[in-house]
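Note that chain A is present in both complexes that follow, paired respectively with chain B and with chain C.
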Partner chain A sequence: MSLEVLAFGYGLVSAAIIALAAVGFSFQFGISKIFNVSYGAMMSVSAFVAYYVDIILRTSLWLGLVAGGISGAVLGLASERLLFSPFQRRRPAIAAVIILSLALDFFTQNAINAIAGPGFFSYRLPPETVFRFVGTAWTPLELVFVGLAVFAMVSVHLLLTQTRFGTAMRATAADRALASSCGINVRRSTSLAWAMSGLLAGLSGVVLAADSGAFSFVSGDTFFLVVFAAAVVGGLGHTYGAMIGALVVGIVTEEVAVFSPSLKYVSAFGVLIVLLIISPGGILQIAGKVRSDVISE
Partner chain B sequence: MKLSRNVPSYRRAEPRNGTRTARSIGAVFVGVLCVIGTLASAGVASAAMGTRSAASVLNVPVFEPFSGSEASTGPTLLAGCLSAVKTINAAGGVLGHRLNCRSVDSGSDPADAVPAVSRMLTSVPNIVLVMGPGSVAAPTVPVISAAHIPMISGSGSPQYDKNTDKYFYRAGPSDSLQGDAEAYWAWQHGYKTAAEVFTNDPGAQTIPGAITPLYTKYGGKIVKSITLAPDQTSYRTEAAELIAAHPQVIFTETDPQTAATFWSEAVQTSSKLPPVIGDQETTLQPWVQAVLPVAKLNLVSLTISAAAPTAGFRLYQKELLTLSSQIKNPSQYATFPGTISFYDGVVLSALAMDAAKSVNPPTYQPYMTRVTGVPSRGKTVVYTYAQGVAALRAGKTIDYSGAGGVIAFNKYHNVAVPFSADKLNDSSGALQNIGSVPLSVLLKLAAG
Partner chain C sequence: MSVAWQFYAITLLVYFGVNLMAGWAINFQYGVAGILNFGFIIFQSIGAYVASVTTLGASQPGGYQQYILGATLPWPLSIVAAGIAGGLLAIVVGSFALRPIGRAFQGIVLLIVAVIASDLVSTEFGWFDGTNGLAAIPKPLQGALGLGLVSYGWFYVGLTAVFCVVTYFVIRRCSTGPYGRKLRALRENARSASALGVNVRKETMVVFVVGGVIAAISGAVLVQFLGAWAPSTWMPSETFLYIAAIVVGGVDNMAGVALGVAILYTGILEGVQYFPSIGVGNLVGAVQWMAIGILVALFLWFRPQGMVPQRRRRLSTRVRTVRGSRANVVGVRERDDKNVLT
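And then the complex of A and B:
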């Protein structure tokens, strides 16, 4: 079995996990223009909520996944309503907003450490059989992750294009003042977008923790760098761009690993640098699909 | 009388009131800075020159990571210091002074460690000894040494194999010795082909550098060498490469998170992995906690020998178990070599202070090698701090053989120890000794 083909299959799994998080991050940025560094910490919180449901309450990982998603949504909504929106109304400098999100990130990370401790945690996962298909190898859990990511992407697409709420969000992201004057409740649109983004962060946090085997209070933040790379590669603030960016980053890193495992992150950020030089708006700008920073179709 | 336009320029150049006020404030500010700087220098000089105040508490900072990706290291080693300080204070302290352990977070990154060590030296009073640094040794050892304070480090970096810094002592064996032990063990057990799986941080990379030359010298072949970037979300491709190379044994050292991800994906790829040889890292509770639930490995860890049940080891364990209000679940560290070596490091330093009749670091530092060593005629072997103090008061020369056994520093302040081979029980997570690599073999290998 060719290692390159195997790596391609593995890259799809990585891309699925990255896409779940990157789309959520782009969602948030697209509507609020806030570079939320604490996104990774939100993922970590959800992973621990799922652990509590799965292991401490002795239910199942799937219930844990639901709980993790809900906790992410609640956290996203709370941080937007209680922290970022009131702060933004004071029209602070961009750096001040980033510092606020950084402070929230450190606060959340260390709160998890204080409660759960610095150790490592694992979900209860059954032993798995590997299925081989056209030169690739998959486990049932990996197929579930990919399926979940595809389902989430399709849902996001339908939400944005087929619902009034999605139209309202797109209008708010495009021009907040104009959307408000057209009668759109921009505050509600923003809050709901953050809740959705939090839901995706929560789901991706649990999926990441399950896929990694073990996780700790820093797992979300460590993963955030790759998520950020994927979001930027696709075009920051563009949900479809984030999906494409995740695919690029996921596959490139696994293929590079065939030649040199220590160059995985080098390759991910190398692609980022090259793309930004060629096209600061990311892949979608190259494809001529992007005019400005909006949550786009 | 009003000034006319014909007033000489030097009069017109007279500063306005606002400027005068600003200059006054500036002068006061500079003056305050000078005072603060002088006081800070005095603090550092005090720490450096060991001018201890009449205060009865002497501080022993444990300068290790308590946050970040290596956050589990700090508590593991702090437990050793706390146990030691308890035994020492229970025996009356050191020359009338009580000892106190303080956790000082070095962070896991050298960029964080340098400001952290400077802050430690200026803000912690009455430092007599530093326990650490470990993974951030390279940039911070010179700073501590410049303050003339002895330090007992767990760093295995080969750069300290020929150490000439008189204040630097190594608590555990060099990575060179570790690599020799692993290569020897693998060859002795008939493994002719091997793979190496290590993370790309400098601390882990020194071990394959020692394994490969000796293993290939024996006639073995390294069929695959994989260097992992730590803390990634997937190592599927790397695991597939490892399996495809068909090694008979795998040498490894990775951090717990990387290990959990890599090995969980490796066992998915192949249910019959070859035996794995690890080191002290693979015996630590965080590593076992991360990996055991997700991957059952045929793992043998080559690590410095846990102590035989001497009085010193029993006392260490007894005091350790009383620390539950300060350390989470202290019993998990009962047999960890790193915790034991930190315990012994604090005790031997305290005995050195007693022998020198001084808590001044530059004064007692030479006695650290005088109160330890291979047992010899004329020296009284002691196993606890209380025994050591009693022997010193009786005018005897002592040899502290601690919870971890004999401590023999060579001229480079390195210790050479035999290695124990401990097999991990997949069900319980307990370690079971299955053999050893004797010190005589290792010394012969080191000599070439």
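And then the complex of A and C:
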């Protein structure tokens, strides 16, 4: 059994976690055009909420996963309603918005540090039997995570294409002013997008924490860099691009980790640099599907 | 003043001077030209590392610290080497990070560069001795001057002050006059500036490199005072403190930045050290970062121009009376120069 094939399997698990987060990040950016740097901190918050539900309340990780998702959605909605939308109405410079989100990131991250403390935490996970499939190794938990990600991706796809909310959100992302004048409630679409993005952040935060074994208050922020790379590789603001980007980044990072574990995250960034040089609009731009104006604002 | 207080004052002043240089440099990038450099700290850091290894002498195999580029350059040359290294790093990083025109996008890419750089320098023990960092870095001119420790400290304060003054004039020169107006046009609207003939990519790169060189020199000045440098002294989050100092003090105003640096670094960060250590772990540190986050948010919300707002720059019309004639001649005079965008 070759290591590369084994790593490919791990790559799929990584890709699943990255996809959950990258789709949420990219989708929210597509609609509100705000770089939410505090996304990583939102992931950490959910991981800790799940920890408290799992360990302190002595229930189960599954309940923790649900609680983590809900807390992410609430946090996403709250940061949009209470912070970003009112701030945007003051017509700030674009740079001010991103500095505000960086400030929110520092605040949230250190709030976790102040409440939970700086150590490493882990969930109670049952000992698992590994089974093999064509040269790759899987634990039941990893299968559940991949299943969850696939389910979430299909749900997002159906939400966007089959429901009126989804159509309204896509219209808002394409042209806010035009959507508004067509009678679409753009404020509601925006709030919904933030809540959905928060939900995905929450789920991915818990899954990341469970998959990596131990987590701390900076885990989400560290992982956010990989998520960002995946979202950009896929073409920022494009939901399906984010899925492709997650697959590329997930597999590349795990394959590189076979040769040099310390270069794992560096390789995600390597992919990002190569892409920025070839085509700043992401993979979909190479395929001629989208314009690159998203990142030039 | 007792010796201990003198040392304390010396340390505070050198730190203030170094942070002032760095604050002005990042204000030149963000405040004047609008570049969001969230990876600023790596430029300060490379300056510190290069100034260290070029004075430590060749790395001994089996010695207690391993590093590249070992040399024994005399004092001003080590600073020059640091500046050159900062400029080169800026060119390399800028060549890909500044490719997309979106400012926010550049900012996050630069943040990622900083995190990756911190990761790599920590794990690659052959470069700058990994997480251990470098120590026993010689202090410049200490042997030649033959001063006592306290007198040498005050000498170093003076030296830092000289660097600050030079930095002030360099940045002032770059950010006033036609060139300054060009950069501010770039900040306000890169597309319009481009339409008026400003080479956006080139000017962005020039500002990025100038800021990088000054940051590297500030790092060199700091490390030659401290005598040690390690990845824990330049966490990527440190950049946020400089941005916070600019936002609080005053964007695009050098006096404002000085005030911001004084409040953030000398006020909050030093002040917190007098707090009793309470709670688990690093509770005071966490609360301090939370407070800085709130402070920045409040300023962005209620006073985005900062405590000292930027100077209004406009064409002035004034009435002049020409001597000997009875008529009033209305003269239009522009404050800085003739053409708005050349």
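Simple rule for what comes next: the second predicted complex is superposed on the first by the 291 of 297 C-alpha atoms of A that agree within 3 Å, B and C clash if a C-alpha of one lies under 4 Å from a C-alpha of the other, contacts with A are read in each partner's own complex, and residues count from 1 in each chain.
Criterion: contacts are C-beta pairs under 8 Å (C-beta built on N, C-alpha and C of every residue); 3 or more make two chains touch, one makes a residue touch a chain.
Treat the numbers as computed from the prediction; the structure is a model and nothing was measured.
In the three-chain model built by superposing on chain A, chain B clashes with chain C. In the superposition on chain A, A:I278 contacts neither chain B nor chain C.
Shared-chain residue A:A95: touches chain C; no touch with chain B.
In the superposed pair of complexes, A:S262 makes contact with chain B and with chain C alike. Once chain A of one complex is fitted onto chain A of the other, the partner contacts of A:L104 are limited to chain C, with no touch recorded for chain B.
In the superposition on chain A, contact of A:V5 is made with neither chain B nor chain C.
Of the two partner chains placed around the shared chain by superposition, chain B is the only one that A:T139 touches, whereas chain C remains out of contact. Residue contacts after overlaying the shared chain place A:L125 against chain B, while chain C stays out of touching range. By the touch criterion defined above, A:G117 lies against chain B and chain C together after alignment on the C-alpha atoms of chain A.
Only one of the stretches 26-34, 188-196, 224-232 or 260-268 belonging to chain C has C-alpha atoms clashing with chain B in the superposition, and it is 224-232. Residues common to the contacts of chain A with chain B and with chain C across the two structures: 110, 113, 117-119, 222, 262, 265.
Interface residues of chain C facing chain A in the complex, by the touch rule stated above, are 30, 34, 36, 38, 96-97, 99-105, 107-109, 111-113, 115-116, 119-120, 123, 237, 240, 243-244, 247, 279-283, 285-287, 289-290, 292-294, 296-297, 300-301, 304.
Considering their complex, residues 67-69, 71-72, 75, 200, 226-229, 231-238, 240-241, 244, 256-257, 260-261, 263-265, 268-269, 285-286, 289-291, 293-295, 328 of chain B touch chain A. Chain contact summary for the complex, chain A toward chain B: residues 3, 6-7, 10, 13-14, 17-18, 110, 113, 117-120, 122, 125, 128, 130, 137, 139, 208, 211-216, 218-219, 222-223, 226, 253-255, 257-258, 260-265. Put simply, chain A touches chain C in their complex at residues 35, 37, 83, 87, 90, 92-100, 102-107, 109-111, 113-114, 117-119, 222, 225, 228-229, 236, 262, 265-266, 269, 272-273, 276-277, 280, 294-297.
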